[in-house]
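Reading through the structure tokens given below for one structure.
Chain lettering (A, B, C and D) follows the sequence in which the chains are written, and residue indices restart at 1 in each chain.
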Amino acid sequence: MDFFVGHYNYWIFVFLMMLGFYVVVARGNLVKKIIGLNIFQASVFLLYISIGKVFGGTAPIIIEGAGGSPVTYSNPLPHVLILTAIVVGVATTALGLSLVIRINEAYGTIEEDEISEMDLEP
Amino acid sequence: MRHHIILRVVAKLSIPFIMLYALYVQFHGDFGPGGGFQAGVIFGAAFILYALIFGLDNALKVAPMNVVTFFISIGLLLYAGVGVAALFYGGQFLDYGVLASDSVSGQHLGILLVELGVGITVAAVMIAIFFTFADRGR
Amino acid sequence: MIAAHYPALQIVAPLIAAPLCVLLRRGTLAWLIAVAVSWLVFFIAIQLLQQVMASGPISYELGGWAAPWGIEYRIDSVNAFVLLIVSGISAVVAPYARATVAKEIPEDRHYLFYSAYLLCLTGLLGIVITGDAFNVFVFLEISSLSSYVLISLGKDRKALTAAYQYLVMGTIGATFFLIGVGLVYAMTGTLNMADIAVRLDAVENTRTVLAAFAFITVGLGLKLALFPLHLWLPNAYAYAPSAVTVFLAATATKVALYTMLRFVFTLFGADFALNVTFLAGFLMALAIVGVFAASITAIFQNNIKRMLAYSSVAQVGYMVLGVSFFSVTGLTGGIVHMFNHAMMKGALFMALGAVFYRLGTVHLDRMRGLGRQMPLTMFAFVIGGFSLIGLPLTVGFISKWYLILAALERGWWPIAGLVLLSSLLAVAYVWRVIEVAYFRDPPENHPKVTEAPLSLLVPMWILVLANIYFGIDTSLTIGVAERAAKSLLGLGG
Amino acid sequence: MTGELAIIAAILVPLIGAFLIAASHRHPNQREAATLVTATALFILVASLLSPVLAGQRPETTLWEIIPGISISLQAEPLGMVFALIASFLWIVTSVYSIGYMRGHHEKNQTRFYVCFAIALSSAIGVAFAGNMLTLFIFYEVLTLSTYPLVTHHGTDEARRGGRTYLGLLLFTSIAFQLLAMVWTWSVAGTLDFTPGGILAEHASPVVFATLFVLYMFGIGKAALMPFHRWLPAAMVAPTPVSALLHAVAVVKAGVFSVLKVTIYIFGVDSLARIGGSDIILYVAATTTILASIIALRQNNLKRRLAYSTISQLSYVVMAATLVNDFGILGGTLHVAMHAFGKITLFFCAGAILVAAHKTEVSQLNGIGRAMPWTMTAFTIGALSMIGLPPTAGFISKWYILLGALEADAMIIVGVLVLSTLLNAGYFLPIVYSAFFREPDTPAKHGEAPKTMVGAIGLCAGGTVLLFLFPGQILALAHMLIGNVP
């Protein structure tokens, strides 16, 4: 039981990751693929944040008046990393969506199978 | 959505505070939670709200596209410029310590400028993304 | 004193130039900046390589933060060589870009093109130079995002779908890589590569490390276009603007391979990869199947850019094959093939770019009789093709030689035979083009075409001559590659 | 001029010639003059090396290192001298001939033709003077590539098909077998230098030794051992001077020359005889001889018949080499020279018949000897040389090969030699007979071919006879070769 409950953050991560991955692979709609990609990335963000958490720890900020006594705080580094990763994710999403718009303008559809059909014609 | 009077009034009232809050997050970043990324997004959100309520054309009058792209590059240049300035002061790249007479205030100045650069770019990029998408297919 | 800051300048120069291009808003100025910066980084890369060869690895601490905590740029013989490849290719592609970009991309977007190009260059150089595992991810995404943009600028609407496909697969690859790095970080508590390498030893046999290894290799395999993860590559290369195809084909996969080498050998260690994960067998099988599958597919392509794109997948197979021997000779072959393949594919795609510039298409049918109409371009293609086949006096021969030697050293002569057989497939697809271009009459109902302009020919021929020069004087390439191989295997150097 | 310089110059001169030819593409006379001057200069250069080599010197030079430990190096030794002398001398003759042929036949793309021809010659000389296996391999491949445009010269579907077969087979064998064998040799022996007595014997196990020998022999596709012989008939779509010089002299001789060179200097005759491994190839070559002759019997196209005859004659050399004794080496070396003269005569005749009478099939040749007496006399001399009858050069080499077979106690090979001689007679003599003694089907409206062509034919036929009467120099070179084999 402990294997499942004790590592619940990993299970959530795995579930979200597979969910996102499935959407990317199985959906033919290009926008839905981007959504799946976002879920996929978000799962990784959760993984990072959750492994940085120290139980009972606070935010890693200097607290005035504590007078240098040791304070337990969560590892800030994963947050910093994930901040960067989120920015990258935003950029990817924006770029992906803009590509979808351009594809829609060029093909008149955003369904993958219709697009590949049209590509075969000429 | 211009004819929704409530929305208009609330937006007009809140936009200045959103911007102010963005500036707080920006400049308080080295003491508490915050920093360029977050501040930039909040600042950008103010513009996006404005564009949503008052229409894209009005928003474009406030922030024309080429001004936005200008700020995108200026922010990035500010960031990299601080790093290069550190080189000229004899430190490593991005070594803020050498920017002022003593190391601590140098670090302070350096991170302030760098985060400002980040904030400007992020805000401008957010606005640009929204404008581009909203402008498409009109 | 500027020499001490070369590692930072290598990245910062293109990084600053990219927003400058946007600020200036002039296509010509942006192009001039791109050329100047490319030459600057090439110069710096040469200096760095000399420094490394003379006095060992260089370490540069960003922001003055000491190594395990701050981000460190670390240059040894392996990445100095890759830096040289990337910046060298950029130094010839940038001048080449002007004419083709003017033809293929709307005028008002030229400055954005060069800006994206410089960002891509920044990203690729950054991946190579950094000594920080997470920093690799950041630069990987900088280069990937800008290359999606560059690819989508292609004239054909298929460029859009190609870019989208690449975006999806590239993001999955990068995210896999990110997961792997996260797991490694969870096990070791550090992101500095040298530090990770030391600390991983203690936890080497945990399942987490194995999972991290798997995620990282698969993620990089996607970026590397290792068969069967190559599906994004053919379309991306086929429909991107000519200059982009040249640049990406010559650099992107090499950088991904370098990253894989770095993680497998420096971080995890050859012993771990060889004995715990059986990576060698996997890689070898994939490489050989990939070489054959991609080469055979290439034979049936009528779009020549697509044909060469498939050939790129096959060539990646050769590089990976060299790596999979886990021996000095094999790694030397793999590493030197990175350089050699950059030279040959660069030259070939440049020739095709010139053909596209004149004809507006690279369809095999329309290339009839081109040998007479564009003699210099097509001759460049012929020599590039010879190099691809691996005929002597070209760089391709050197790579083949080392691969075969590595196979024979291990006593695996069937592998050597397969390598040789596969190069005959290259004969088949290269010869289709040569035959059509030289021994067929030009199509009658089309206007006569003339030779490409000098601004395309000069960069093209620089690469062609490099193909020949480095095929007969290998002291530089083999010397560096051998040292790099030794250092990766932990044998000094 | 020192020997070292002469070797380098011998390779460079045709290349410079190629450049001059390309430069004067607007002026046919100037272009042809460039060809002739280059050819003559090359022959003089090669001939100047003869006396030092006969005096026992081995001029050599190392140009540069390609891969650490392996250089491009050149060396003049007796076997290479034989090949270089023949190739460079016959280039002069062929140049004279092809000027007449190409103009008489109104070929297009003549500049490309002459340029590729010169490059091919340069690489043939490179093969002859190669000082190690890598150098040989490089020039061997250049020779393949530079002759490909000559084969596909006409640009028709048939020519392209022929070119594909030509290139495909030659590249296939050389890359798949020869390159593999070469790298293997390097990884086993640590050197690729041609060394008298061989380099492999001390390093390789008997199995590897034998495997490598087989790989080399099939890898040298230009020797046209069955089943890799099909490129030679396919190459017959080329213009006749190409077939004559390249497919009777430069290309195929580069093949059998490489066979001899590898046998003597990589494996060593004594080591081969001791360790074994050459028997398989001996019988493959014997089979090739017989089969090719039988196929030749059934060919109606004159050039194809000559091509199959070439295949069978090439296998003589391979057989001679794989008998691994002194007489065999002697016979093989001589046959390189003797067959060259005879076969080029025959091809020249075929070309002359094409230009003058526009005939390509054997069955059309009834009575042609009356219209073209000089040509057909030369043809007869060439045919006699192929069969191996005195007073022609072919007799001498065949004699030595026979001695070699007897010394090796290989009665089967003796039988093969006798049988193939009969077959040779079977497919050549009927041509001679019908040319001179049959009535023409239709009255001939043509005379002899252009004078330059007939002159060249006469020179070659004369050479075939003269080599029988005065084989001195070549015999001396060949003897040095077995002197080298301790």
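Some observations on this one:
Rule of thumb we're sticking to: a contact is a pair of C-beta atoms (placed from the backbone, for glycine too) under 8 Å apart; a residue touches a chain by one contact, two chains touch by 3 or more.
Being a predicted model, the structure only gives us computed values, none of them experimental.
Between A-C and A-B, more C-beta contact pairs are found at A-C. Placing every chain at the mean of its C-alpha atoms, the farthest one from chain A is found to be D.
The chain occupying the central position, as judged from C-alpha centroids, is C.
A separation of 28 Å divides the Cα centre of chain A from that of chain C. With centres taken as mean Cα positions, chain D sits 70 Å from chain A. Separation between the centroids of chain A and chain B, computed from CA atoms only, is 24 Å.
Measuring from the averaged C-alpha position of chain B to that of chain D gives a distance of 79 Å. Counting only residues that touch two or more partner chains, chain C has none. Pairwise, the chains that touch each other are A-B, A-C, B-C, C-D. Of all residues in chain D, those touching chain C in their complex are 64-68, 72, 134, 137-138, 141-142, 145, 149, 152, 155, 159-160, 163-164, 167-168, 171-172, 175-176, 179-180, 183-184, 186-187.
Of all residues in chain C, those touching chain A in their complex are 134, 137-138, 141, 145, 148-149, 152, 157-158, 160-161, 163-164, 167-168, 171-172, 175, 178-179, 182, 185-186, 191. Contact residues of chain C toward chain D in the complex are 386, 389-393, 398, 400-401, 404-405, 408-409, 413, 416-417, 420-421, 423-424, 427, 431, 435, 438-441, 471-475, 478.
Chain B contributes residues 32-33, 37, 122, 129, 132-133, 136-137 to its touches with chain A in the complex. Across the complex, chain B is touched by residues 59, 61, 83, 87, 94, 97-98, 101, 105 of chain A.
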